[in-house]
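Two complexes, one shared chain (chain A), two partners (chain B, chain C).
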Partner chain A sequence: MATNLQFIKEASGTNVTTLSVTDCFGKGYDVYQVILNAESDSTDGYWGLQLIDSSGSTITGSEYDEAVLLMRSYDSFIDNRSATASMVSVGYDDDYSAALNLYVYNPDDSGSYTYGTLASDGGTSSGFIGTKGVFVHHTAEVISGIHFKMSAGSNDFNYINVSVYGVK
Partner chain B sequence: MAGSLVLIDSETVSSSTTAVTLTGIDSTYNVYVLQIAGMTVSADEAPMMRVTKGGSAQTDSEYDEAKEYFKSDTSFSAFGQQGVNRIDATATIDSGSGAAGNGTYYLFNFPNASEYSFVTIESNHLQATVDSVRGFIGGFVHTVASASDGIQISANNWTSSSTLEAGEFKLYGLKK
Partner chain C sequence: MSSNTYGYIADTGPTQAYGSNNGVFDPADINDLIAENKWSGVGTLELIQTQTVSSATADFTALQESTYDVHFFTFNDVHLTTQTEFGYRLSNDSASSYETGYGFANQRGISSGTFAERKSTGQDSARLCGDIDAAAHSLGNGYMYLYNAGDSTKYTFSTSHMVFVDNTDAPAMEFGSQVYDHAEAIQAIRFGEGTGVTGVTSATISLYGIRYS
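Our next item is the complex of A and B:
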């Protein structure tokens, strides 16, 4: 019986501001699933993702459209949206523990934009924060990897673990 | 997690077609997963989705849906309706270069003849005219208590004579 969720790569770090998962795409799949668990240090902050191009460079320009709903257990929800983002704001965390389930569509296709849908967990001392959202990298090119970072450069991930799978 | 999906049916669209029908759902698995990647259209269009019974798309007005409509270009909106005869798999995909629609849909209770068929939706696409990413997160139900054996995705929904031009459509069983 064929199985169709194929492990590709894992990466991890401790006390790091960023983590690049290189060469995890370009494996011949139309859809990739990315699973992450992490924890930020004790400074509130958004954390997010950027994509890595075929030459291995992280794409830091304003090339992302994002629409992410920030759902807070202790306050109103926030629509987080931009058509000119330089980072996709995945979640918000403050020493709480964070998780992400991300689907990435079409990164191998040089003629298509790369799209994603995401769901994350996180929180602060005030309570739980979940997100749901979508994004597109608004340039048609091959994407080879993914880069996670805290939005404020001084913040760290206490730990971060990422696994990438191909959906065949 | 590895090896938890089993491919049941698939179709690659590489030339104009009106509809894709994926079947093969039976009691082997409790939950099925539909994945759509790189779906493009001949003219700006929101492809529609219907469950199939006996291989035939159900066109009755028995669909209810509730979705959050995510938009990078303007405020999000809640979207709900009852008693409609089809469900938009994505909102309106731009027909230009680079644009596409994608999604992951979990199918529940399809083989169960005494339950309604439920589907959760997580989709994204490049929205026509505004050229920005949008997406649906939510779900729908077909309120007929009988077994469903598949799902159909088709164009010619809001735009007359539109077609699907490209895309990978895959139906998986979620291994028990």
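Our next item is the complex of A and C:
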């Protein structure tokens, strides 16, 4: 069976603390791919994602399990893991620039948890940092969108561009 | 562009956009809209080129980097001449030469061995996996995403995941991230073995562009 990507939506922002990509799911696919490029300002590091429920509200509760390996080119690697995270720690970027490839599974299914697999690039003045990880939103509900944010809410993405595709 | 723009003979037709095409379209219309990223219904993972190489590097010299911000590569049965690593170098001068100076941070796992970090802040090549060797069954397979190649204001990044049989005949995997931390436009990429990125015994590598990225 031939497979391909079907473009759904893009969203972007400059000098923003968060970016919500609304109504990018619910298009009839089991699997969605999200591609991002961004750059944070010089005062932050971790950035992450939260999901948006069917009413358009960002899910901020402790509803995420995450296991993300932070891989530093200049130092030992770090395990980021939690069964009660309120935000999935996607990557680390400190005025270096970043890229992300994310697959989201089952967001349209009200009877299933929503799963994700991710790989990212980023860095600091010390050097390059990549991540590889997984997450589960451990509540069975329909997910309509995705919300990106800096871990410290006062800091900005200098720019952030997100494209969402259905995997057909 | 055809004279009756996008299926309309009137002087002005409806505004066309991805997900919102209106009118009756002939093949020329469709080709024009695809070129402008405005045609709905097409897949956005587009095969650019497949290379099967023997005793050579795999050089992709037409990335179409002005069209695609994100590229996707698949690696099939990468076979090396000796025990070493597999990786790439990028070209900022349209394949006249290939640059050195890459950072990478990879995690390797060997089924009969250990999991270990593989990392560098300045290697002559961007590492995707090691150690494949010359044994007939020691082959590598996997995929890689490449970001920002055409953007002269951004670093060029990649993320990768490989599976292979290593030099001890053990199944193994290596995933990770790589960077060429120079804000330069990249027009070509060379895959090969060792940090010198020299010719491999054989491999089949496909290059795709992701439209609208």
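The definition used in the following text is that the second predicted complex is superposed on the first by the 165 of 168 C-alpha atoms of A that agree within 3 Å, B and C clash if a C-alpha of one lies under 4 Å from a C-alpha of the other, contacts with A are read in each partner's own complex, and residues count from 1 in each chain.
Going forward, a residue touches a chain if its C-beta (ideal position, glycine included) is under 8 Å from a C-beta of that chain, and two chains touch if they have at least 3 such contacts.
Just so you know, these numbers come straight off a predicted model, no measurement behind them.
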item: Partner chain(s) touched by A:99 [first = chain B, second = chain C, both, neither]; value: second
item: First, second, both or neither for A:82, with chain B first and chain C second; value: first
item: Which superposed partner A:123 touches (first chain B, second chain C, both, neither); value: second
item: Touching partner for A:136 - first (chain B), second (chain C), both, neither; value: first
item: Touched partner set for A:10, first chain B, second chain C, both or neither; value: second
item: Partner chain in contact with A:56 - chain B first, chain C second, else both or neither; value: neither
item: Which of chain B and chain C A:71 touches, first, second, both or neither; value: second
item: First (chain B), second (chain C), both or neither touched by A:165; value: both
item: Which superposed partner A:115 touches (first chain B, second chain C, both, neither); value: first
item: Set of chain A residues, in rising order, touched by both chain B and chain C; value: 3-7, 35, 69, 119, 132, 165, 168
item: Chain A - residues contacting chain C, complex; value: 3-7, 10, 35, 37, 69, 71-74, 76-77, 96-99, 101, 119-121, 123, 127-132, 163, 165, 168
item: Touching residues (chain side chain A, partner chain B) in the complex; value: 1-7, 30-31, 35, 65-69, 79, 81-83, 103, 105-106, 109, 111-113, 115-117, 119, 132-136, 138-140, 165, 167-168
item: Chain A-touching residues of chain C, taken from the complex the two chains share; value: 18-19, 43-45, 69-70, 103-107, 117, 119-121, 145, 147-148, 154-155, 157-159, 161, 175-179, 181, 210-213
item: Residue ranges of chain B touching chain A (in the complex, touch as defined); value: 1-7, 35, 37-38, 68, 70-76, 97-100, 102-104, 122-126, 132-135, 137, 168, 170, 172, 175
